[in-house]
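Two complexes are shown next, each including chain A; its partner changes from chain B in the first to chain C in the second.
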Partner chain A sequence: MKTREQIISWLYVTPLLLVLIPFFVVPILAVLAASFMSSDGFGGMLPDPTLANYVGLLTSPLTFNLYVETVKYTVLTWFFSLIIGFWVAYFLVFHVRNPLLAIGLFLVCTVPFWTSNIIRMISWIPLLGKEGLINTALINAGLIREPLEFLLFSTFSVVVAYVHQLTIFMIVPIFSAMARIDKRLIEAALDSGASRFDVMRHIVVPLSKNGIALGSIFIVSIVMGDFYVVKVMSGGGSASVVGAFYEDIGVLQYPPAAASAVLLTIIVTLMIILILRTVDVRRELTR
Partner chain B sequence: MTKDDGSSKTIAPERAKSATGGQTRRSILKGGAAALGAAAGMSSVKGFPTIWAQEIKDIELRHVGVSYSVVKAIGDQASKDLGFKVTMQNLDTSAAINRFITQPNTVDIADLEGWQAKLAAKRGVIQGISAKKIKEFDNFLPIFTKGELNGHKIPRQGISPYEALYIAKPDATELHDGVTEWLTNVPQVYNADSIGYRPDLVGHEVTEWKDLIDPKFKGKAAILDVPAIGIMDAALCMESAGLIKYGNKGNMTKQEIDFTINKLIELKKSGHFRATWTTFDQSVQLMAAGEVIIQSMWSPAVAAVRVKQIPCVYAPVNVKGGKEGYRGWCNGMGLMKHLSGKKLDAAYEYLNWYMSGWQGAFVSRYGYYSPVPSTAKKFMTDVEWAYWYEGKPAPGPINDPYGVPMEPAGTKRDGGSFVDRVTNISCWNTLMDEAAYMNKRWNDFKVA
Partner chain C sequence: MSANATADHGAPPSRRSRAVAPRSGGRPWTYYALLATFVFYVAALYGPMICIYILSFQDIRGGLVFPMKGVSLHWFVDLFTQVRTGDVKGSFDRSFKLAVLVTVITVVVSFLAGLAFRRQFRGDTVVFYLMIGSLVAPGLVLGIGTGLMFTFLGIEAHWYTSAVGAQLSWTLPFGVLVMFAVMSRLNRAWEEAAYDLGAARWQTIRHVIIPILAPGIVAVALFGFTLSYDEFARTLQTAGSLNTLPLEIWSMTLNVTSPSLYALGTVTTVVSFLVIAACLGAIATMQRRRAGGARPH
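Up next, the complex of A and B:
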């Protein structure tokens, strides 16, 4: 009987394994293997195990600088998309009385996402440029004389593009967490004399925590793993972890690129573990 | 085996097609294939016999490479003229070389720069091209076949097209220095790159690379962000400013790389570069939107800015006193190793079509050059020839390849005639021996 149950549970997980093993485990192992090889400089990999790629990676100040830069974008993007995402979700759940309207507005939030990421990012360029809409308007209004250069090809423009692209990933999980909060709980709190701030602090935020955590996981893993937005919106003036090892691939230096990829995987995994330590997402989800 | 033998067979497939549809036709074709392949291969196929036209209909050639070299309009014209399908696929430089090397069977014609040809030969993903089967080979400019032009030795800093052209045997993996009958690629398009600038805002004529790093243009300059060639543009600037003398800009030592990158970082920290660019469009946007007034640039990008009615000049950086000069590049077509039989024959037909003039004229109309100008000339008007190749004031208005007006009559091409520009190339696109180190340092510049 025991074996029969085992077979059944294996059958349950088979579809997942069929996806995960060929499309995740095998490629990761291939990258891991490549990271211990050395390059012949012509795109070939010599199968003599070496730690040189990791030593080179971990002793280089470049690695540190790249992570500082990428983590900076991650934290800024996370912070602003959290602020915006939280309040949008809060408004939709608690201030729009008609649930149909709330769902409608929620769908409206997704409208910009019907266009491609790249289009949405590039559209910022004519807006933020030296001769762009914002600068032209400010100059014509007599508020500034010289165009504001920090608007484009700067940390500012990178974060604007990321926040614009990724806030939806905050809105969705926070919205769904908030929607599950029992409204009677809030009424009861207000009846017992709690201020709106108390309600926020003791009810809304704690009960939205899993949504915030899920949204944070999306944002952290996407920004840490992206390079295109940084490349375009910083005008090539900044770099990212992935951008740097993409350059390695461009000159067929696969092993060092693989080592960088492994390191990035480890670091992103650690960041996600950290997020999960603060909230037990699994328990919250099955609630 | 004679030609008649083959021709009689064409009747059969034609009939089969109308009677029973594709499947049967194909199986009949298969039978005749061996005979046909031999017949077609032997005669160097001038005006294809019907037999050939029937056989090649189902062939599709995938020509893969960067967008400025592998152009859809050219593939469409080739398909029309040749009777088989040519599909153009675009990738950026690094994605392209990665695809050639890791998935060679997904490509038929690889569009290769000199350094990529060297790598592709080394990895054994391409096959030697028989120079004898390239009809116009004797009419190729000696820049490519002998490394000279009008007695002027073409410099070999970086990897010159001549240097990357020959291998000793069809399956050799090392380049061969000197003429042989086996080619790694057939050069198809090339140019001399320099600086683009806004004459109205820069205020003087630019003929030296050092203007790009002149503090006067702080916050208004940009440089190319493709490490392998961006560093050569930077090196041309540093050399021009008298900061350093390179042994070989195309193959720097670690010290030379360090010097160049450190100087770039210094410039970046002082706010010199408004941006860096990686694609053609980005460079056009930077200039057209007023973000920069001087930057390393490609000739058609300058033309694209001018079409928007914004003044933009392509700096003539002729060699002077052992400094300056253009950075040259050349793309050629390599045949992937898996090509054989009919498909290989079709590929040779394609290469020969490419050199027969239509393509040469097409690319000339946006400022690039054909390695066989004598055939390109046949497809160009006298006005176009005078403007693009002879560097004379245009006798009439100049249009781009798609018929959009570009320049009014009387305009002279920046940099002058073809010979003036090409003989002033001082280095070629390359992949340095220290590429891995250089890349790392380039990222230091990016993140600084």
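Up next, the complex of A and C:
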């Protein structure tokens, strides 16, 4: 390509880099640097390189337990949001016959994404609580005598809050992948005698794969990097990786927190690379 | 094969979406199962939010759960007058200004980046993955990093400096991705026509590309505003000494156990809904004007 065009493209992309370098690249490097320092006990950091933070982190049995807990939430959230997201997108693309109505219903699904996550999370409390709507309804219906304890401040409520917040990240990419499936392909398959199950297995799922992968990246990275949903919805009964190092920050122990943040970033990156191996995300996004 | 096709083409032409329906033309049972799934999803999506809006209108005896105890605006008044609930007015003010600032930067920067990514350039993959990295990096990690960077540089963190940058690391990748989707529908022939008629590059952008993309640009603004207005994890360590609204809500979830928390939820969601409605309304108006072929000049 002509040099002139190259230069113009770079000029267009310069403002983006002027944000990403100081507010993404440098902060990651700052965390990396802090993870090798030692704390002076008063919130300051001593710049003598040490591996003590990593040794402490990797030899603590707590670290392993935190990751088990966080991965558990990630897998559960991923599973349920995938199931719900896939079928909602499928319904909108293949079952709603009026395209304008389909877009309207799609917008109905997306509007809450543009509102506060914290508010949406706490809005489950009046429903799931011991005296909440669900328990009251079940008791009044005579189905249970004692309120169900597992509804709030439990793994259940944490996963409910995550799925509530994040299913949209599955719906949007799967919807857009499915909307691009040529309907004639499905017609042809049916005309050639394929069952609807065959169509699902050999056409819809393979062609939605990129959307599923994209949604999975969002869900894995958000749940792995979250702390406030676990903190509030588990009622303090459960911890998360980020929640643990946020506590360190609270007592100004920056270096061990930074080491933990670096480890988390590496693990999340590896998980994303694993997902990326299955699809070409760039083609999916720029197409 | 051809016999099959002919036989099928005898059916009425109104079966464009027959794809998943059985050949008889009626709805398959899966339709009803999926309709039920969809209705359940939407009910679960909005139901809890509606509950807290209702509960925020209780009177002074109100608690955190149903049944409703009276009807009044007590908790809204409480929210803006009580000291113990914190500085709601100030944080709302800051969040709004911050969101406007972030929106403007997001729109301009993602528009330019969108133009750049329309053709390949050397290093585009690196820029692309930097952006994806910024999007998926754990929010609090970036927040801590930005806070540390300001500490190392000896600059004090403020909501209008460090928090702006931290939020942009989240809103910009979204903005650029939405811009990709918007620009993929831009027909190059229109620009070529403008160049052929002697328009300069900036004139083409100003008089051809921006008017055509206007609805998409509003959509990017919607993302910029709402994502900034509700941003929490990245702002937590970068806002400095004064809270933004989500930080205020966060400290209230930990301390306040009265319906004023719900009242704040209602207020902030109403603001979000107004912004969403304004943006979607603007997009719909522009589309309709185009479909009608009415030129405003």
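Convention: the second predicted complex is superposed on the first by the 266 of 287 C-alpha atoms of A that agree within 3 Å, B and C clash if a C-alpha of one lies under 4 Å from a C-alpha of the other, contacts with A are read in each partner's own complex, and residues count from 1 in each chain.
Definition applied: a residue touches a chain if its C-beta (ideal position, glycine included) is under 8 Å from a C-beta of that chain, and two chains touch if they have at least 3 such contacts.
Bear in mind that the values here come from a model prediction, so they are computed numbers and not experimental data.
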item: Superposed model, chain A: greater residue contact from chain B or chain C; value: C
item: Touched partner set for A:236, first chain B, second chain C, both or neither; value: first
item: Touching partner for A:146 - first (chain B), second (chain C), both, neither; value: neither
item: Chain B versus chain C as contact partner of A:126, first or second or both or neither; value: both
item: Chain B versus chain C as contact partner of A:265, first or second or both or neither; value: second
item: Which superposed partner A:249 touches (first chain B, second chain C, both, neither); value: both
item: Partner chain(s) touched by A:48 [first = chain B, second = chain C, both, neither]; value: neither
item: Touched partner set for A:224, first chain B, second chain C, both or neither; value: second
item: On chain A, positions contacted by chain B and by chain C; value: 125-126, 129, 131-132, 232, 246, 249
item: Complex interface listing, chain B residues touching chain A; value: 93-94, 97-98, 101-102, 119, 122-123, 219, 222, 225, 227-228, 268, 273-278, 282, 285-286, 289-291, 431, 433, 435-436, 439-440, 442-444, 446-448
item: Chain C to chain A touching residues, read off their complex; value: 1, 4-5, 8, 16-20, 22-23, 28, 30-31, 34-35, 37-38, 41-42, 44-49, 51-52, 55, 64-66, 105, 108-110, 112-113, 115-117, 119-125, 127-128, 130-134, 136-142, 144-146, 148-149, 152, 165-166, 168-169, 172, 176-177, 180-181, 184, 201, 222-223, 226-227, 230, 232-233, 237, 246, 249-250, 253-254, 261, 264-265, 268-269, 272-273, 275-276, 280
item: Chain A - residues contacting chain B, complex; value: 39, 41-44, 60, 62, 65-66, 69, 125-126, 129-132, 149, 152-153, 231-232, 235-239, 243-244, 246-253, 256
item: Residues on chain A engaged by chain C in the complex (per definition of touch); value: 1, 5-6, 8-13, 15-17, 19-20, 22-31, 33-34, 84, 87-88, 90-92, 94-95, 97, 105, 107-109, 111-112, 114-120, 122-127, 129, 131-133, 136, 164, 167, 176, 183, 186-187, 190-192, 196, 199, 217-218, 221, 224-228, 232, 242, 245-246, 249, 254, 257-258, 261, 264-265, 268, 272, 281-282, 285-287
